[in-house]
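The same chain A turns up in both complexes below, where it pairs with chain B and then with chain C.
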Partner chain A sequence: MRVRRGRSRSSPRPLGSWTTPWIYLAPALVVLGGLLVYPIYQLGLISFFQYTQAQVSGGEPTTFKGFGNYAELFSDSQFWQVLLSTVLFAGACVVSTLAVGCALAVLLTRVRAVPRLVLMLAALGAWATPAVTGSTVWLLLFDPDFGPVNRVLGLGDHSWTYGRLSAFFLVLLEVVWCSFPFVMVTVYAGIRAVPSEVLEAAALDGASQWRIWRSILTPMLRPILTVVTIQSVIWDFKVFTQIYVMTNGGGIAGQNLVLNVYAYQQAFASSKYSLGSAIGVVMLLMLLAVTLVYLRLLRRQGEEL
Partner chain B sequence: MLRGFVRRPWRLAAEASALLIAVVVAFPLYWMVLSAFKPAGEIESSEPRPWTLAPSLDSFRRVFGQQEFGRYFVNSLAVAGTVVIVSALVAFLAATAVTRFRFRFRTTLLIMFLVAQMVPVEALTIPLFFTMRGLGLLNTLGSLILPQIAFSLPFAIWMLRGFVKAVPDALEEAAYIDGASRTRFLWQILFPLVFPGLVATSVFSFISAWNDFLFAKSFIISDTSQSTLPMALLVFYKPDDPDWGGVMAASTVMTIPVLVFFVLVQRRLVSGLGGAVKD
Partner chain C sequence: MKLAPRFAVLLATAAVVAGCAPQTSDNSASDKDETSGTLRVWLFQEVGNDPKAKVVDSVVTAFEKAHKGTKVDVEYIPIDTRAQRVKAAFNDPKSAPDVMEYGNTDTAGYVHDGGLLDVTKEFGAWSEAKDTDPTAKQSVTVDGKQYGSPFYVGVRALYYRTDVFKDLGLQPPKTMAELASTARKIHMAKSDLYGLVVGGAYTYGAMPFVWANGGELATAKDGTYTSAIDGAAAQKGIKAYTSLFTSDNCPAAKCAVMGGNDTITAFAAGKAGMAIGGDFSHSAVEAGKVKGKYAVVPLPGVASGSVAPAFAGGNNIGVLKSTSHRTLAVDLMEQLTSKATQASMFDAMGFLPTFTDVRDAAAAKVPFEKPFVETLAAGTKFVPASPGWSEIDSSLVLPTMLQEVISGKKSVAAASKDAAKKMNDAFSSAG
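Let's turn to the complex of A and B:
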């Protein structure tokens, strides 16, 4: 790679000037600047103001509140409860998704073409299912009156969405169902990319299956595992649709709220836009921290950007 | 690849469990389609059966009749289609810039694209709501298209990098020696070569645009003729008394385009993901 770069630098391209890459980048930068960077700035700004329905309609002037919204948020016990359940719920989703995805990726390498294709197609189906659709289908499967699951398990008319934990568990099942395929396919592609000579050489040298896994595959797969872990953390931390649909907007008395749904409810249901923005800023900072860890891991692995 | 080392009974056991798991994974989809075709009495029965002897199209008729479902379908298709095409073109240009040129701030930009992927889109609903209101785009499909393009771009650029990089430099030099202009190289040589990568990338933009529920719910507030499918589906889903037949028929209609798209690009998707993460 280094060789190639040296060559391209030494051979000047026709019409080449420093402006060309920027012309190519211009559309992307305009879109991202206007619809990503500017909204982030605005989000921060709104979170420092008093901004409710009265201000939106122009009835009252917007007033600067400093950290007032944050003070209100941090003194609200519901916020801390929602934050805690968000972290625990996302953590449980990430761990289950990775476990299922990796286990099935390994399984895929152990079977012949037909079972592999069947499992792959089933997983692609789950992956392709839109979140809203997946949520309603899982609700029907676990419906106390008409669902097959309760009949098979002999649970009578037990309601899964009534209890706090069982409602979270049901959402977790749906989230894992629709997000394990990404992990499975990616890790499977990674295992396939390991040269078979390496594995054969190890087997000839008398390495056990376990040893091959621990000493060859795990280190070689580490970059891929990092990518899927970080992606899962990001996706599961911001689950919105599933919670919103399956627990009907956050569960009984808000028992199943996660940060995203909480921010939405504050902003659009209660018209407390500034409070919703403050929650958004908290989420943004938490995910930024995850990103920094990720960047550091990439650096340590010597990844070239 | 590991197959050679696995003994036979173990392989049979593995294959049996793979098939069993496939059945479990596919079951919700099967149940969705099945419930969509069941006649009204059979869905709302306390003895749910995994088959139906009297398949009916009643639920589909209700879905397409009661609501302007066809219109929502077209709206969804328009949003997802525009997002896929625009973001693929914009991402292609940007990926070319960051892989085939060396310039100042290149690494900084790449890190920015990476960080941009992590931004919780949902947290930006509030400021975007005011931006869209300012632009007069509330209640139009534009308010759904614009943010989706912005949010699918960073990932698309990141993923396309590997594909653009894979086109050998020698090819580019040969094209210039033969007198091709930069624009001509870009669109007539590079673009077709990177096309498989664009397809793999499009899957992600298509899905996120097709699935979008939050923006549709927040930005399309009064003009229901601009609704998209996820909103329409929830019309049938009233938490206290859901019309399960209608919900499942609408879900089936909503899932099929994505399934078709996925199966069509399946091979490219797997190799694309492998390429993107290996790189």
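Let's turn to the complex of A and C:
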């Protein structure tokens, strides 16, 4: 007993100081472990097996395939094509969403209370609309036979979903519409937190709105913009509902497939769960890599998130 | 030698990973054969299901009376979500039914999944089975064994607008070439109508064109299938079908995305001069604007007066492997698909019987069914009885091929070659 007491005095509670944070973190870790780590572990596990409906329901034995599913995936030319269009489409969506969101956030700070309220309500309405409903409504707006857009523009029975680019463009509009409110609200809150003296000083020096945005707001809002960008990249890279609903599961001859819809078709429509899991793992790794590279770059610039 | 430790680690990892394989359900055949208890039955929920339920109820009542101590619990499952329900039933035998209805193109896939019970012996010993239409029998057969009993068949034929044909002085087409020219004449004269409404995602509307030209989906050799969709005759058929997607009949921008139901909806709404529809589309067309203004003839083949081979669709009733009431379940399956049941099911729902004699008797009563029975009599085709077919169907290989040609992305030769490759991959991977 005396020995222990003596030791604890020389280095105060070595065991306790090490375990205390973990005890506090334990509930969160258990929940995260159950909800995140275990499914990802299962995802990774399944991707190494031959695992289709026949294996699930016990018609055939489950066999270990090693990297067979990945090899099959990487040798499939359609996968690379889908990956390319996903990257380009997600890139276009992120840029458009950020541009629209930031522009409207600045606009919000410049208008009076009533128009601000109206704009806020409209944006929140778009935000609150479920993706399936939003997609169906957009599709109806652009319908070749009954859509008001064609009537207003005088396009006759032009079909927006027939051409590859025009179908992607239509989906892009919907994606931007339902994801800009998040950017707008977050950036608006950020701008509100910028000291008004700084903005006043810039205005007195005769800086234009664009100049204020570029030289003052962007640097000051960088942490917020970073979060918003990463969020948007992850969301838009994983877009599913809009493509699935608006292009009827991937467009004519699969021309509008994106990675998530492609994975769904492989995993669930064709019951190739293992191949679908492999696609999931590849997507997970890519998104992790994007996020890590981005954080690393920021760190090198001497900023913390 | 330097690599050896690393290799050993890899091996060990592989062993660990292999040791904890993902879950599978134990779906081995139940050895129990209880003679009393509750039998669970899943049937499809049809649009206007009451007449079907009435026929089923009378069969069930008679069955319960004949087998003391048994109770039959019938559940009607929505057709839209049947794939998930069936998968769930295979994954968890405890919640699975004993007897179920299923689409006949799913037979090989379900057998491969290990879900259906082999009833070859009982089917062979059943006195009524000998009158079963050969194509219907083929639709329950995988590798020479029967996995269920045919419930009804469905075929497609050519619906046309009698008023439009009379206006324009047209006759129902006698050949496939005439079909195309008649379609164009209709659209030329009435630009708000599609001539023959076709769909880029309407596989079973397109297949008769391939079959009529002598093409095949796939050929079987020693139990394995090889795609024949890129054969010269098949390509001719694909060309004939896809050439209907032009601005003088059915513009590609609108028709390329359509499926079978979309074409029927368009016809029923009075937007088309002709459509390829099934006997099962009758009520949908009757409910539309064109009621009383249409008639049906068999889809013409290449030679004058011939009939293009149709796809023999329809449903079967099978017993699940996991049933613990084997004898009772098989007996109930036979009762549900017997000649008497099929005859009353035809009266109630218009489902065409799978027994040739029952079908002929039924058609004699209802003139509407005549072209469909003629089509069946002229010989029908079925999809390859390979588990690969489920995958080909669900991964949209054929619609993709048709849409590639229609939208001008690929030539018929290139698109059919790619489709053939995908089909062969599916056939070989599914074994």
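Just so we're on the same page, the second predicted complex is superposed on the first by the 251 of 305 C-alpha atoms of A that agree within 3 Å, B and C clash if a C-alpha of one lies under 4 Å from a C-alpha of the other, contacts with A are read in each partner's own complex, and residues count from 1 in each chain.
Everything that follows uses one rule, which is that contacts are C-beta pairs under 8 Å (C-beta built on N, C-alpha and C of every residue); 3 or more make two chains touch, one makes a residue touch a chain.
A quick note: this is a predicted structure, and the numbers were derived from the prediction, not measured.
Of the two partner chains placed by superposition, only chain C is touched by A:Ser271; chain B is not. In the superposed model, A:Gly68 lies in contact with neither chain B nor chain C. Contact with chain C, but none with chain B, is seen for A:Ala54 once the two complexes are overlaid on the shared chain. Looking at the shared chain after the overlay, A:Ile234 reaches chain B, while chain C stays out of its contact range. Chain A is touched at more residues by one of its partners, and among chain B and chain C that partner is B. Contacts of A:Tyr162 after superposition: chain C is touched, whereas chain B is not reached. By the touch criterion defined above, A:Asn248 reaches both chain B and chain C.
Applying the stated contact rule after C-alpha superposition, one finds that A:Val185 touches chain B and leaves chain C untouched. Overlap of the chain B and chain C interfaces on chain A: residues 42, 46, 248.
Remark: chain B residues 1-6, 10-11, 14-15, 17-19, 21-23, 25-26, 28-29, 31-32, 35, 43-48, 50, 89-91, 93-94, 96-98, 100-104, 106-107, 109-111, 114-128, 130-131, 146-147, 149-151, 153-154, 157, 169, 172-173, 176, 181-182, 207, 210-211, 213-214, 218, 229-230, 233-234, 237, 239, 242, 244, 247-248, 251, 254-255, 258-259, 261-263, 266, 269-271, 273-274, 277-278 touch chain A in the complex.
The touching residues of chain A, counted against chain B in their complex, run 4-5, 7-9, 11, 13-16, 18, 20-22, 24-25, 27-29, 31-32, 34-36, 38-40, 42-43, 46, 104, 107-112, 115-116, 118-134, 136-141, 143, 145-148, 151, 177, 185-186, 188-194, 196, 199-200, 203, 209, 223-224, 227, 234, 237-238, 240-241, 244-245, 248, 260, 263-264, 267-268, 273, 276-277, 279-281, 283-284, 287-288, 290-291, 294-295, 305.
Contacts from chain A toward chain C in the complex involve residues 42, 45-46, 48-49, 51, 53-60, 62, 64, 66, 144, 157-159, 161-162, 248-249, 252-255, 265-266, 269-272.
Against chain A, in their complex, chain C makes its touches with residues 14, 17-18, 20-28, 87, 90-91, 109, 111-115, 200, 252-254, 256-257, 387, 390-391, 394-396, 399-401, 403-404, 406-407, 409.
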